[in-house]
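Heads up, the next two complexes both have chain A, just with different partners, chain B and then chain C.
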Partner chain A sequence: MYEPPFTRDRAANERLAARACEACGWVSFPEAREVCKRCGTHGEWSDTQLAERGTVQSYVVQQRLPEGFETPLPLAIVDVPQQSGGEPARVYGLFTETDPDDLEVGLEAEAVFRRIFDVDGLPVHSFKFTLPRGESR
Partner chain B sequence: MTDFVGYGSYVPRYRIQRSDIAAQYDDHARGGETAVPAHDEDVTTMAVEAATTALDHAGAAGSNVDLVYAATTSDPFDERGLAPHVAHAVGAPERVRVGDFQGSARAATNALSAAVDALAADRAGTALVVASDVLSAPQGTSAERTAGAGAGALLLGHESDPVAELVGEASATTGYVGRFVPTAGAPREGDGRFNREQYLAAVTQAVGALDADDFDHGAFPAHDGGWGRKAAGALDIDAEHVSTFDAVGYAAAGGVLLDLAAALDAATAGERVLLAGYGPGGCDAVSIERRTDSLPETTTETYLDSKEYVPYGKHRQFREQGGVA
Partner chain C sequence: MRDVAVVGAGMIDFGELFEQSIDDMLERAYLNCLDDVDRGMDPDDIDGAWFGTIDIANNASSGLGLSHPTGLFETPVTRVENACATGSTAFRSAVEAVRAGSADVALVAGAEKMRDSAAGLIESAALEQVWRGRGVTMPAFFGLRATRHMEEFGTTREQIAEVSVKNHENGAKYPHAHYRFTCDVEDVVESPQVTYPLNLYDCCPVTDGAAATLVASADVVDEYTDDPVWVAGSGLSVDSFERGKDASLVGFPATEQAAAEAYEQAGIGADDVDVAEVHDCFTITELVTYEDLGFCEKGEGGAFIESGEPRLDGETPVNPSGGLLAKGHPIGATGVAQVNEIYEQLRGEAGAVQAQNDPTYGLQHNIGIGRNATGSVSCVNVLATDR
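For the complex of A and B:
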């Protein structure tokens, strides 16, 4: 019983499926917009796949969140390239397993597959960002 | 025989020293570490990480996968399944065939054999086999110290330049049950020495039925870290013993393909790998020959080296948040 919003967003959340505006190239992610947020063109979208790694543009550190979240929790804006080229998607996402002191603007972040919460006991999975394992850590 | 076109593994970043667990109960541990899933990791997330590593290693897209078989002993659901969710997350087409294999660590080799059969019967061209486990055990038990977590994945198919080739399979289904886990209960192990004798008999029988005895690397995953070395000795083979037990703990079916990935990492082109997948009821032996030196982008060793220790309380909290306490 995946609820409708999670069912509709599942391809975006679980495998970084995005849509690019055919008129101006702006990438809509994770929402599937009818009208391009940048150029206003209506309904001209092509499917695109985002890469697994992007670059941190900005972040804040959340200190107070409900139970179930790991705090302090970095929340970041990450520019994630499309696998086929073109302009990157500007993605808003949670970090996981990352000490805020280790995070900097400009660092490479990797999208990993995690559980974000449960709905009536059923896990909802989505991407989260982390600093890639095996390089400096 | 069947080609391995890619493989991958996954080990959580968090670890706990077994001595830190024992110290909570004024006891001592023999050493070693155990992998701890993060609060947002579960059997599905680890399976997907291993699967995507295997696909990337093969340079294959999820849309090429015709079959996904998933093995676990620690699915927190009686009705939900694992394989379809792995299939969805890797982007397999909706016509994909899926199957869940559970109830024994041997489920990993059972899933592998079934996938090999599907390829041989031309019912699939590219098959993804994944095994993932997040084990749990009650606080204060000896099993708590080694209740690990890990995953491994294999991408099977037909390719001119495969990373490895499956050259033989054999089974010994004895029906003997040593360690077992009742539904929602703690693991029970009974007479350890007798269990080990039965284990060694099953492994010896299965490996003896393979058409080969020259192995360079051997993986004998078991819930007791000492059993693998005993098995290598009992078989009288001159193979390097590969095990993640001291770093990860026991990860049941997930540990079977994790240890296989570690053995494939260690093997160079032309070398032979032996895997003995054991669980309640018997043993499957698999013989694999490495064809290239190609390694996945993130090797098992990299995952093992990339770690952060958590204290006992946090380790319990993470397991409870993961729904596997």
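For the complex of A and C:
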């Protein structure tokens, strides 16, 4: 079965493409709306690119999930800055290749490109987060 | 705007009710509600009905799902869905219609078959469904608030567990509760981990149930009872953690906003609330709700539960029915059953779980999540013994 929602979100999922409200600076991600969720302005938006690293605001470690997810699976709310500066975007992200015991609020997390799952054989790709393993990476 | 009172309340025993269909549950809750009205209720008097269900088992959508089991035909029936605030929103909608004069007597009924087919994010079989919320399940959504609350305010794991201990203690005494056992802090902390930092005893069960309430305008209330419970205020609000105050991740501003509206209509403050039924889908939800409703300052929810104030014998009993944690959370029925409990508390008819502080104001609260787990919706209703 063809799955349009994942097609619509490809720019956000695969390239961390976002939009910033020109009236208040709020960053919309992964949605691309006409009305700003924060200031309510129906105004202009500029395209922006998120950085590949952000800061963990809170996290959980999921132990009970449907088939197809590996457990334990850490998940966090990460504030990810724009490459050009300005406000960060607030992003949900699954973690990969991360020891749950290493997670803390305030840590830096790095977005990495991963195949998330298949829909009837068609792969859906997006970012996951991981804890950076040093600057040489 | 006309004053509105609750004149009857009925529900069924919540639990795993594989032997009952949604129609069976609704019919029985409705008949129990009719029987509860002091001077009786002629079904012909009901001139509007609101049916709360999120229809999780895909069998009852639209108003027909209520008119068939109750026989309420030729009556306007509206189906309401508002995430976990479905039941309380159905109640609020009925109250608003009676306030506005478009009905004199209105029925509110809520029901959910949770165990037939616990679909969606609750027990999803499909990776795609979970991923649409970017991997966020229910315990994860609320667990994220717990991690942040502990980090920011030093709230302890044991304080969070105290909510479960209190609610199971109440639920063990409450005749309609799904779970009727007690536990201690150690049991909660050592129960299997579902989603760090929440364990099994931090989570409400998956429960079937139905509940019904009758409301009437001040013009006709004397026909039904000498002891009505008045609707003093009602608020409904939505917010998103992507904006404003909700970005703090330590509570639910939607609850603050809904409560502010309900308190203003009632002409009271948080201190005036004598008893409350609040949304404890998870322990942490109740803990942050103490703060969001103004029962204590932001960040002091841990100290508030530790003080014993929300216990049944405390100054402000919270969830005397055992809450969602013990009574269960059949989503459409949950808010309606909470209203019923407050109605009984204010009439002094709550039996083994009656608040001992002679309550005059009672509050009912739900919080629900949606929008790929980024948004929350809250409904707060305040009831009072006096008009």
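Keep this in mind: the second predicted complex is superposed on the first by the 130 of 137 C-alpha atoms of A that agree within 3 Å, B and C clash if a C-alpha of one lies under 4 Å from a C-alpha of the other, contacts with A are read in each partner's own complex, and residues count from 1 in each chain.
Here is the rule we go by: a residue touches a chain if its C-beta (ideal position, glycine included) is under 8 Å from a C-beta of that chain, and two chains touch if they have at least 3 such contacts.
Bear in mind that the values here come from a model prediction, so they are computed numbers and not experimental data.
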Fit or clash - chain C, chain B, common chain A: fit
Contacts of A:Ile116 with chain B and chain C, given as first, second, both or neither: both
Partner chain(s) touched by A:Arg10 [first = chain B, second = chain C, both, neither]: first
Touching partner for A:Gly85 - first (chain B), second (chain C), both, neither: neither
Which superposed partner A:Gln62 touches (first chain B, second chain C, both, neither): second
First, second, both or neither for A:Glu97, with chain B first and chain C second: first
Residues of chain A touched, compared between chain B and chain C (which is higher): C
Partner chain in contact with A:Ile77 - chain B first, chain C second, else both or neither: second
Where chain B and chain C come nearest after superposition, their Cα distance in Å: 13
Overlapping contact positions on chain A, where the chain C interface meets the chain B interface: 68, 116
Residue ranges of chain A in contact with chain B within the complex: 10, 14-15, 17, 52, 68, 70, 96-97, 112-116, 118, 122-123, 125, 128, 133-134, 137
Contact footprint of chain A on chain B as seen in their complex: 13-14, 38-42, 44-45, 48-49, 52, 62, 80, 85, 88-91, 298, 302-303, 305-306, 308, 321-323
Chain A-touching residues of chain C, taken from the complex the two chains share: 123-128, 130-137, 139-140, 143-148, 151, 192-198, 240-244, 247, 249, 373-374
Of chain A, residues touching chain C in the complex: 3, 5-6, 26, 37-38, 57-69, 72-73, 75-77, 90, 92-94, 100, 105, 116-117, 119, 124
